[in-house]
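The following blocks contain the structures, represented as structure tokens.
Both of the next two complexes hold chain A, though its partner changes from chain B to chain C.
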Partner chain A sequence: MNIKKLLTPFTAWGNVTKDPVTIKDPLNERPGADRYRGFHRNDVEACVGCGSCEDICENEAIDLMPAKDTKDGDSGLRPMIDYGRCCWCALCVDVCTTNSLTLSNEYTWISTDPEDFRYIPGIDKKEWDNNNDKGWKKPEPNYEFYPLKRIQPSHLSPEDRSDSFIEMMHGYSKDQAMQEADRCVECGICTATCPAHMGIPEYIKAIRNDDLEEGLRILYDTNPLPEICGRICTHKCETVCTIGHKGDPLSIRWLKRYIADQNPSERYKKILETENLVSKGKKVAIIGAGPSGLSAAHYLVQMGYEVKIFEKLAAAGGMMRYGIPSYRLPYDQIDKDIDYILSLGVDIQYNINVGNGEGEISLETLGNDYDAVFSGTGLHLGRSTGIPGSDNKHVYASPDLLRWIVEGKEFEVPENVVVIGGGNVAMDITRSMARLQMKKYGKVGVITTALEGEDKMPADREEIDEGREEGCIINPGWAPKSVEIDSNGVPTGLNVVKCHSLFDSEGRFNPQTDEDNKEFWPGTMIIESIGQGMDISYLDGKYKDQLEFGPRGRVQTDEYYQTGLPWLFMGGDIIKGPDVITGIATGHKAAVGIDRMLNPEF
Partner chain B sequence: MNEDRSLYPEHDENGKPIIDLESHKFLKLWQGPQHPGITGNMSLELTVSGDEIVESKTHVGYLHRGFEKLLERRLFVQCMPTSIRLCVAEPDPNEYIVSTAVEELGGIEIPDNAKWLRMLSLEMARLQVLLRGVPGQAGTFALGLGYQWGNYLRDLILDSFEELTGGRVYHMYIIPGGVRGNLPEGFKGRMLEKLKLIDEFVVKIDKLIFQNVVFESRAKGLGHIPKEWVDKYGVYGPAARASGVMRDVRKTNPYLNYDQLDFEPHVTTEGDVYARSVVRYNDLQMTVDMIRQILDKMPDGGDIRAQTPNVLHWKIPKGETYVKCESSRGEYGMYFVTDGSDKPRRAHLKGPSYTHANALLDKLLINANIADTAAIMVSLATCPPEIER
Partner chain C sequence: MQKGINNLIEKFGASDLVERRSGLSFITVDQTKAVAAITHLKDIDGYTVLSFITAADWIEDGKMQLTYMLNNPAEVAEIAIRVMLERKKEAGESMETIHHLWPNAKKWQQELKEMYGVDFPTSPGVNDSFILEGWDDMPPNRRDFDTKQYAEDTFFPRGGRVTHDPATYMREQLDPKDPQYYTKKKKKDINS
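Up next is the complex of A and B:
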């Protein structure tokens, strides 16, 4: 036997005199590492309840529970964690769209009640909520579970589009649409916010699956004007998109347009299974072929009603055709949507006004001849600022000018124009006038002003930016004082003063101006674009007493847009909004209401 | 003890031992599934004559969790928390093979920095296994002291894992696209301090185990694997290298940035438990050296993850791949099939334990002493969760 090998192991006795390496009181002396994946905490104010954490949890340890008030962009739900299932992998943290969910570095929790271990972080207060900022957070930077950058469709350059009414945005290619659709986390907060509650995650999923026919069916479930909405919708969905908290919100509008663009109109009836609609024999009249009227007509004719639209102008579309310039919404795309609706058997009579005058059809006649009437006559009257000089004949209302452009009516385009207004309609007229000036003079001379400051302007940001790219001067934060008029009765320009704030402390409209800070903007044409008014004089007469009127002269309706007159339904901008998608939503709901009234057994 | 083993028990014409339990010359003895001398949730059905094993059969089925099937029901990123549990003791190779298979089929190229971080976590995982495994081999002969020393150092490595990955055992560090974190501040310095302690440990463990007459006399000649069995029974890793066959995926099929490291896996020819211990003892030293090299060569920060498609509905085109890496037990591979959907069509794990603990162990245990079963089993580094995936 090897004596050395017998004795060598005894050298281990040398450790007897050394201190032990164990920690005496690990619960107190041994905090988790800075990155430790311990118990969950959630900043419930930043969280929007998108549910991505619930989706990614492979153990189904996370359930979303009602915990806050539901509002736009916030489902009101918050994640509840079940520590009977959780494996602390922290994928929920990494996928979080708002970076609100984190793990603390706490790892000991003793309770005799098993129910305790199922809790809503941030709502059920825990000692690790605020004790330190250690624990697992989403690693930075360049670590994202989904691309944050938006895929931009190509568009005409400012030089190419500044004198042209050709559509400026090109649609997505298939690759682009697939990549953009991939960014969706399917939270559905967009659906909740959309006035029409469109199935946005579902149709985006259809794009990912390259099943555009299914996509079209989903679009038409809630919106019969996808080509139009795919171009000019006010996209409240994108404003609340949860991806927007960390990156660019999804281009929901362009994705919708992609589905509609890719489906040829001649296949619509087959895809949407509307080739053989059966009539129920009841008749509905619709006043106005705008978004709400067309939407109501579409759903009513699908339900089997005979629908006839009475349209004042020479073509259908309402404000979509007569209020939106064709560089944003080309006429052939309006026609594609409208022609499909008309092809379902909707009858339409143009150039007929509903009213009590000569050559007009009265509401009473419609009420007698039809089982129900839906009215969506829209806001076609311009509003005036009422400032001195605004009654001059060279001071125009934007709806008139926009309509003239569509109709091809000749009017004088001066070298210098001043536009008053900061909404999308103001941007439309600004950019339309700029195009006309560019064609005529080779240069742009439009100054647009708004009471609101730069970041409070109601217009879409891209509208403002694109307008500036096209050479328009958009100068917000000024209040119009008076229109300067020369001896010939022609305006020479607009006097403005600086506007500091719009609303007082109680939220009432009360602009505060600095009278010393004033400017004069030259222009021989002044355009007022500060909102539109409605003309509902056709209601005058024997029915007026049966209707209830609310603020700003709006007729009061129930949730199905039924008025005090049981057979009269009203929708669109005169009731709610104003915007296209709200009009579509009201038309759809009213169609359901009409069906409920005429077919009570259902 | 019956010295002439060819005489007893008698064998039939097929070469099978004739075992008549009624004769009272044999005894059925179950080792496991609950038994301190078993490497996990499996059991050995031993037929013994006296204290000598005449027949052995490995039984598994105590731990069947159907992980491979579970992966088929999970999104690719959701495969990670499940797949790390395929082998509990060393989860990082699981993370690596699943992530790499997903990346390969999904066409993702990971950043260089992430490659180094992956290597670091893989080598740290090997280190923590060997810190327990090398002295653990002596533990099977009731020499438990080194095991305790090793466990302390393993805990220090787990502390480092906690710093780097946020977890001590289930690291969830390597995910499709890259890794989940850069080195924390001061990590390199602390790691190098710990490696110094391990250097001292390596010297001490040599005195405690390899300069130990008990270990030497018990381990030498025990569980001998002839060189020709390496291919016949599918022997991998340190066990193959102890029988004179060079098998180390890092060397033979370099992955990540292993080709940039300078290392030479130890090969010896004796093929017994002692030789396997020596090989793993050398692996331990080599791993310490490799971690030093990695810390020295890796970049200071950088991108940790390539941008993947949205993980919540990442669809991977139809394809199949086999990805392998070197775990502390040997070649560890994943056969992965995708069908264009957002979940794997098939995931199949190929670890060395399957062959080691079933066919090979049954063979090695014949004529061994009951007291040596644990030693043979541990020397093959069998891991039941990896057999029953």
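Up next is the complex of A and C:
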């Protein structure tokens, strides 16, 4: 080592008294450019915690942390950024489904604690939170990683379907399903809202992978009626789809149908690995072959129980068969789902009523003969408005008429019909009557009203729109006052008055009407479709005292739908809902409850 | 049309002209004619400043795009020359150097070699490290470089980090008795 190398470091001391050549900063501000990508901002009220930012982050700089209340459509989680890993690429901003995440143009921040550089933007307040006009935002419009418009399956035109009960919606083609599936960001926000908690992102991914057998397995984990739900589910999942914040929500229902449609029924057992189910001896009786009963039967037989269903009517399906018109849900698709469940070894006896009358089988007998009983008897009784004239024999309840149509029972179809009700069942009877009129008269004469205004009607939007396309007059916002009856005892029409609001300031049902604003709608048949009631008279007798009844006469159950009678479980519309997917979920959970009771060691 | 464009089209067969705004045009030139076209722009048409050279990896199309941004100070105009190279699976695309036209080009070319794997033979120092000292992996700006895998292999995770899957977390919060895991397990038990 020479002497120069040894002394060189000390030459730096010669600069001690000289002016520095560096600039004295950070005392002077040097703001980032207007579109500079600096520290994150998050509008935590708009964010729904979908986690797309976390998924896309190449550096794993983002964790989702509990920060708000969890509710439908909002996980309550919010992204926490680790600035030890963030590379400021802004992919998290570009993929954000709600546009809540942005970057400020602030890039300088000093702290002596490294943990300070890991925080939840919007929750942990920072000085750049309100600097909204600068930094990086997702450029709008048309800067999206996924198409905002949904792929619409084709369907019969109003002209082609208006006199026909042939299924109106065509399923997705492979290309259409692939394109629609490609819009999913796999956040899973939808799964909590689905009453059955279906593995929605997983089965959509199976479509993307063109692995429809895996898709079917995922469907049957939570839903043994996929052909049915793929057509008529109330698709609550779609109301919370995060893509729906900026575009059309995913067509989750049609994607489910695509999987079920593409798998032939003869391969179901092999795909679902149910060819060799073993019975373990214990027996469960199920009252009613509706969605909840069939769901319970499916999961119980898979768990090794002998299951027998007691069905009042001549075919299985409950309201799915007897309440939903075949243009929405064809009978062969109902049969495909039900036949598979029965093929697993589920026994079914038709035309048998559970009750205390002659020719009926009593609940007591079932309780004695079986280790457990599940009841899902549904809502089959039509409710009446009770307005003057509503007791006339030409005033019908929608469940009766819908059932008659399925059974092929003859009844008079008049030229003019008035329907009272704004829900999906009201739309079903409206559109069914319109079809029957079209067949008979070549024209439609149905007018349907509801207390609710246009935007508050409980029916699905597409049901209302399609009904109008088919020539039905749907005129919401009117309250029925009386049915006008002529001297022969036949209705001539319905008197209505304008309805302004349904609920008072405290949220109680209290319709406000304008009695001076009235109309008369002619019709020789009036149909009431304002909700359905249940018939649980089979509970009468010695067990009734052991059951607890809640609001609207509903039997109270625990979280596994077990009643005060330990061997009696109840589910479906008589307990919760009403809708098919909720019925399926209650049947599934009751099956788990029954198994926990009968096999507590598992 | 800005100065030089006609020459590019007529003399060098340039195509795909995009006039992004007044005084900024993008145009594509064949790889074999690109350096000649750039030389013509510099020496004849007044594009005397090389602003930068950059690249884009069109992995789906099997192309590696080079973009030479040239500036004409007198006309206040810019032309971006796009050159589409055939992309190689294992990197090593090759392009003629232009450091003889602008000495500073050697630094852009050195960076492109390091970050994209595009070689510029005879460019001084082209194989020297630019910023990635001791790098022994695929050039990191190539699209098939797995940034996440590299980060996982190279760095240790920060202690104390946890995250939550939205779907699982929501079900735990809203329906802790979710039946599906139970029945899945049960079915497996029955079949076994």
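Simple rule for what comes next: the second predicted complex is superposed on the first by the 570 of 602 C-alpha atoms of A that agree within 3 Å, B and C clash if a C-alpha of one lies under 4 Å from a C-alpha of the other, contacts with A are read in each partner's own complex, and residues count from 1 in each chain.
In this section, a contact is a pair of C-beta atoms (placed from the backbone, for glycine too) under 8 Å apart; a residue touches a chain by one contact, two chains touch by 3 or more.
Everything numeric in this text was worked out from a predicted model, so none of it was measured.
By the touch criterion defined above, A:Glu54 reaches chain C but does not reach chain B. By the document's definition of touching, of the two partners only chain B reaches A:Gly32; chain C does not. By the touch criterion stated above, A:Glu144 is placed in contact with chain B alone, chain C being left untouched. When the two complexes are overlaid on their common chain A, residue A:Gly188 makes contact with chain C while staying clear of chain B.
Once the two complexes are laid over each other on the shared chain, residue contacts for A:Pro201 go to chain C alone; chain B is not touched. Contacts of A:Thr8 after superposition: chain B is touched, whereas chain C is not reached. In the superposition on chain A, contact of A:Thr222 is made with chain C only, not with chain B. Overlap of the chain B and chain C interfaces on chain A comprises residues 58-59.
Across the complex, chain A meets chain B through its residues 1-2, 4-6, 8-9, 11-12, 21, 32-37, 52, 55-56, 58-59, 87-91, 94-95, 103, 136, 139, 142-147, 182-186, 205, 208. Residues of chain B touching chain A in their complex: 74-75, 77-78, 80-82, 143, 145, 152, 159, 162-167, 170, 172, 178, 180-182, 184, 204, 207-209, 211-214, 216, 303-305, 307-313, 315.
Of all the residues in chain A, the ones that touch chain C in their complex are 49-51, 54, 58-60, 62-66, 70-72, 75-77, 82, 84-85, 118, 187-189, 191-192, 197, 199, 201, 221-222, 273, 276-278, 280, 299, 302-304, 559-560, 588-589, 591-592, 595, 602. Within the complex, the chain C residues that touch chain A are 147-148, 151-152, 158, 161-171, 173-175, 177-180, 182-184, 186-187, 189-191.
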